[in-house]
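The same subunit A turns up in both complexes below, where it pairs with subunit B and then with subunit C.
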Partner chain A sequence: MSVEQAQAQEQQASTIRLRWGRGLAWLALFVLLIILAGGLLRNQQGAVSVGERIPEFTLTTFDGQTLRSADLRGKVLVINFWASWCKPCEQEAADLEAAWRFYQPRGDVLFLGIAYVDTEPEARAYLEKFGITYPNGPDLGTRISQAFRIRGVPETYIVDREGTLQFVQIGPFRSLSQIKSAIDPLLQP
Partner chain B sequence: MGTQSDLRWLLLIGIFLSIGLWGGAGTALAQTPDPRQITDDQVNAIAKHLYCPVCENVPLDVCGTQACEQWRQLIRQKLAEGWSEAQIRQYFVEQYGDRVLATPPPRGINWLAYLVPPVAILLGAWILVRAFRGRKHPPSPSTLPQSEHLPPEVVKQIEQELRER
Partner chain C sequence: MITELGYGTLAITFFLALYGIGAAIWGVQKRKPEWVESARNAMLLTFPLLTISCASMIYLLVNGNYEVEYVSSVTSNSMPLYLRITALWGGQAGSLLFWSWLMSAFASAVTLRNWQRDREFLPWVIVVSLVTLGFFLGLTLFVENPFDRLWLLPNGIAVKSFFAREGAIPFYQSDGKGLNPLLRHPGMIVHPPMLYLGFVSFVIPFAFAIAALITNRTDDRWIQITRRWSLVAWLFLSLGLILGARWAYDVLGWGGYWGWDPVEIAAFMPWLTGTAFLHSVMIQEKRGMLKHWNMILIILTYNLVIFGTFLTRSGVLSSVHSFAQSAIGPLFFVYIGASSALSLGLLLHRWQDLKTDLHMTSVLSREALFLLNNLLFMGILVICFWGVIFPLLSEIITGQKVTVGPPFYERATAPLFAALLLLMGIAPLAAWRHSTLQTLGKAVWKPTLVSLLAPLTAVLLGVRNLAALIGFWLAAFVACVTLYEYGRAAIARSRTHGESLPLAFWNLVGRNRRRYGGYIIHLGVVLMAIGILGIELFQKETQATLARGEELRLGPYTMRFESLAVFDTADGRNVARAVVSVYKNGRFVGELYPRRDYYYESQQPMTIPGVRSTMEDDFYVLLVDWQPISSAGATFKVYQNPLVNWLWLGGFVFILGTLIAAWPESEKSPAIARAKRQAPLGAEAS
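What follows is the complex of A and B.
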């Protein structure tokens, strides 16, 4: 093999390596952009919409009871996100408890309180202050609030017996009748 | 004599009981944490590495919301109970997720945050080095087209034109 042939072969090999390098760099950039786009799209999405199935979640209450959303099919769920540091949450606390006491005897409506980014002592104090008796628990790892893509507190999600979201209240309920008017249509046979 | 001996024994038992009770009381006091003994600096040393999800991009040590104040109070309480910084950070991660940390834990997709910047810098440096080398060293004669690759008549024509200039 002549020197020129060897040089030509070396040059060809170098060109191939460079092409592979460029290809890999472009691929890496593409994958990175896909990941970034996915993250941005997820951030842009609003809360879970009416008509969608709610995400599955598990809530461990302050009393140590474990509730799985999948096990609660057949009941109308009222899922309320709140926090002890949230002043608007206080406006609806008494009405939510009154609504719970109104529907509790039926057995087919369940209220769930989810304490968002709260500390346990303050959350417990809040529950005691407003005499809240329906199951409440912390949003461990903020997993439930992220699954529902909430924007803040208070937010309330009312879910039908099949697990489909039927009503969303962003901000506090204004009255007990407003809560009832959101739940009652879901109880009709 | 018997009475004096009994008295001495009673006195000794009394002293031991007193020491025991005092020691016991001391232990009980030590088990009761007092968050007031923890300084703001101690709390902030941990808080500055944490971020409350409610107040995005504001470190916990300078965040003024009620939620952050409650978090700082919780740190104070845990410190008073003898928790280490690592334990407290772990507790916050378990309670509120990875996003409370100033730097993501190196696992899963989080590795991108650690790998992409140095790889990008190295890649950029490599491109720059290649570009500078290309300027300093013009193509070697071996990479230039060889005159012998040209047909002889073309070479003659070029030489002729060069002589005429």
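What follows is the complex of A and C.
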């Protein structure tokens, strides 16, 4: 093999390498953009809105009980996102518990408390402080709050018997009657 | 009136930017330098115009013109003057305007340099800078307009719009919502501007790199021009990161300084590529190698700046903590797609022209070690990028957003950071072109021997943690090498020049600022490493509910809860303030006042720790909870953060070193020119 041949071969090999390199660079950029677009699309969907079905979730309560949203169909659900570090949550805590005690005997209304980005001892202390008796559990890995795409705490989602979201409260409820007026329309037969 | 002025100048600047882009391209195409000159004037004008726009916004904020939606969302009557001014960057719309203003400052400044020797770069530098500026101005003008006013529609709904709506009446409010309490901290006032300055100033080196690619001027000129720009950009970015860490430590109330939050990483990634770039340009300057690599690094840095801004502002990642949902996400996406595709295409197009026939001659040469340093920085970048992108990826594939936490980043990056420290010690002792194990060993053995004293002392003091011992040794190693280098050079200089040792030392740094400034930065990194090792490996914490007069113990400390008071302040806060006495080894060392402020208007609490700081450690107390009625008991979270102040001291030294390295050299001074001629060859090498 002459020197020219070897050089030509080397030239050819380097051209092929370059072509592959280019292809890979473009592919990497393309994949990256797809991923970003995917994230953006989901983000643009925004929060779960009234009239939509709520996302399915599983909540393990502080007592170790496991609740699946799918098993709770047929009941009106009041899902409250809160945190022990959240001051405005404290404003509504007593009213929420009073509302729970009011509806609990009926059996067809269930309150669920979901502790957002919280530590267990502090969350338990909070529940004890306000004497809260309805099921509460931590949102492990913020999965539930992300599924609902909450903006902050407190936020409350009220769901009808078919699993359709009917009411959203951003920020704390101001009174017991406000909570009742949101739940009562869903209890008509 | 002022609202119209601000909006008007903003709009004019936007169209001026579009004109500048068009005129610059037209001027090149038709070979009409007067058009390029006109584009240059347009770019020069953007700064004064946006200054008027920003000044109008500040006027509205200070004056409490709450009919402007932005003003009502970030200020309130009870806020002091300085917070009203800094509210300019307290929200999405205002901070975009502020970003644009800083960008225009750099764009205007770059038009003022002497372009005699590199005229051909000018039009393309104008195009790149103005496209970037124009994009942000467009966002501010059409999507997130800070000058939008509130209008009340006949049906009672308030809408925001700059121009009057049909049938709507202006909606005047008597008070605004106020700034997020977390942002009411001195660190937060300076931190965002520094970060933005770092971001926008990296646009200039990128613009020159793109200009070099387009004009196919593949020599080192663009690197020589942008060396100081890059250093300044890097200075601001570093300062922004350090101030952000300090803010987190003071305000966020978890006794930490860096949480590997996506927003933090977004700012850290361009810093990583920027740091790699600052090192690898030296190889191109000294040896003419790595031309491709430098282009890749600066392109990456620019795109990471935009990517980071996108991540924080579009709400893609953490919908709860970042700016509220907004329409700017898709626009940012298109811009990132276009800018990365165009720069990649351009780079690949010029790939062959950037080739050099130079090769590494020794694996232990300084250039080889610098390249290794670059690869380590890239390794850390890949880890960070993977961590940031992983939630998005997992959401697409599994439908669930899985985030990776600090342990992932810590475990993955710690060995790389350790390797970087080691290289930081060895590389300055290696020679350019050719170094052997023998020459390197000869240079290294003395400082190595001395540095072993550090882990030995630590063992004698009772430290048994292997990671800590390795870390302390590495830190001591870098410190010894750096000081040894200084000492050797200063002694040599004092002999040859007959100067006293301190004077020789001073002149040494003054004559070769880049090299010795760089060494000071290395010393800063060493100090920061010591602080990080201390807090990461030896932090102690405890939590307890105490009745008045009760005590808790942590390490050598005893803390007694003395009293608690809850009261309202004139500026709309409800303050719960505890008084605790702190004893160290049984000796009283002072009182601390951890407190919790609750802001009525924004309904947000803020925890302010009580801290006792020494170089040995910080005793850091947080008030977690208290009994509102009896005020008898309170819950405290208490941290002992060893060595953490070395981190802040190191940050200070780091910035000082960067300032020295970036300080303009007065090359015209005859004394320096003479000194340069007289200096031995070796002293020039850096």
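List of remarks:
We adopt the following convention: the second predicted complex is superposed on the first by the 159 of 189 C-alpha atoms of A that agree within 3 Å, B and C clash if a C-alpha of one lies under 4 Å from a C-alpha of the other, contacts with A are read in each partner's own complex, and residues count from 1 in each chain.
Simple rule for what comes next: a contact is a pair of C-beta atoms (placed from the backbone, for glycine too) under 8 Å apart; a residue touches a chain by one contact, two chains touch by 3 or more.
What you see is a predicted model, and the numbers here were worked out from it, not measured in a lab.
Steric overlap between subunit B and subunit C is present once the structures are superposed on subunit A. When the two structures are aligned on the shared chain, A:188 is found in touch with neither subunit B nor subunit C. Of the two partner chains placed by the overlay, only subunit C lies in contact with A:150; subunit B stays clear of it. Put simply, more of the residues of subunit A are touched by C, taking subunit B and subunit C as the two choices.
By the document's definition of touching, both partners, subunit B and subunit C, reach A:122.
In the superposition on chain A, A:35 contacts both subunit B and subunit C. Once the two complexes are overlaid on the shared chain, A:22 sits against subunit C while remaining clear of subunit B. Once the two complexes are laid over each other on the shared chain, residue contacts for A:2 go to neither subunit B nor subunit C. Of the two partner chains placed around the shared chain by superposition, subunit B is the only one that A:140 touches, whereas subunit C remains out of contact. In the superposition on chain A, the residues of subunit A contacting both subunit B and subunit C are 25, 32, 35, 85, 121-122, 141-143, 146. Residues of subunit B touching subunit A in their complex: 52-54, 65-67, 70-71, 73-74, 93-97, 99, 109, 112, 116, 119, 123, 142-143. Of all the residues in subunit C, the ones that touch subunit A in their complex are 314-317, 319-320, 324-325, 329-330, 333, 336-337, 340-341, 344, 348, 351, 389, 391-393, 395-396, 400-403, 543, 598, 603-605, 624-625, 635. The touching residues of subunit A, counted against subunit C in their complex, run 18, 22, 25-26, 29, 32-33, 35-40, 42-44, 46, 85-88, 121-122, 125, 141-143, 145-146, 149-152, 171. The residues of subunit A lying in touch with subunit B in their complex are 7, 11, 25, 28, 32, 35, 83-85, 117-119, 121-122, 138, 140-143, 146.
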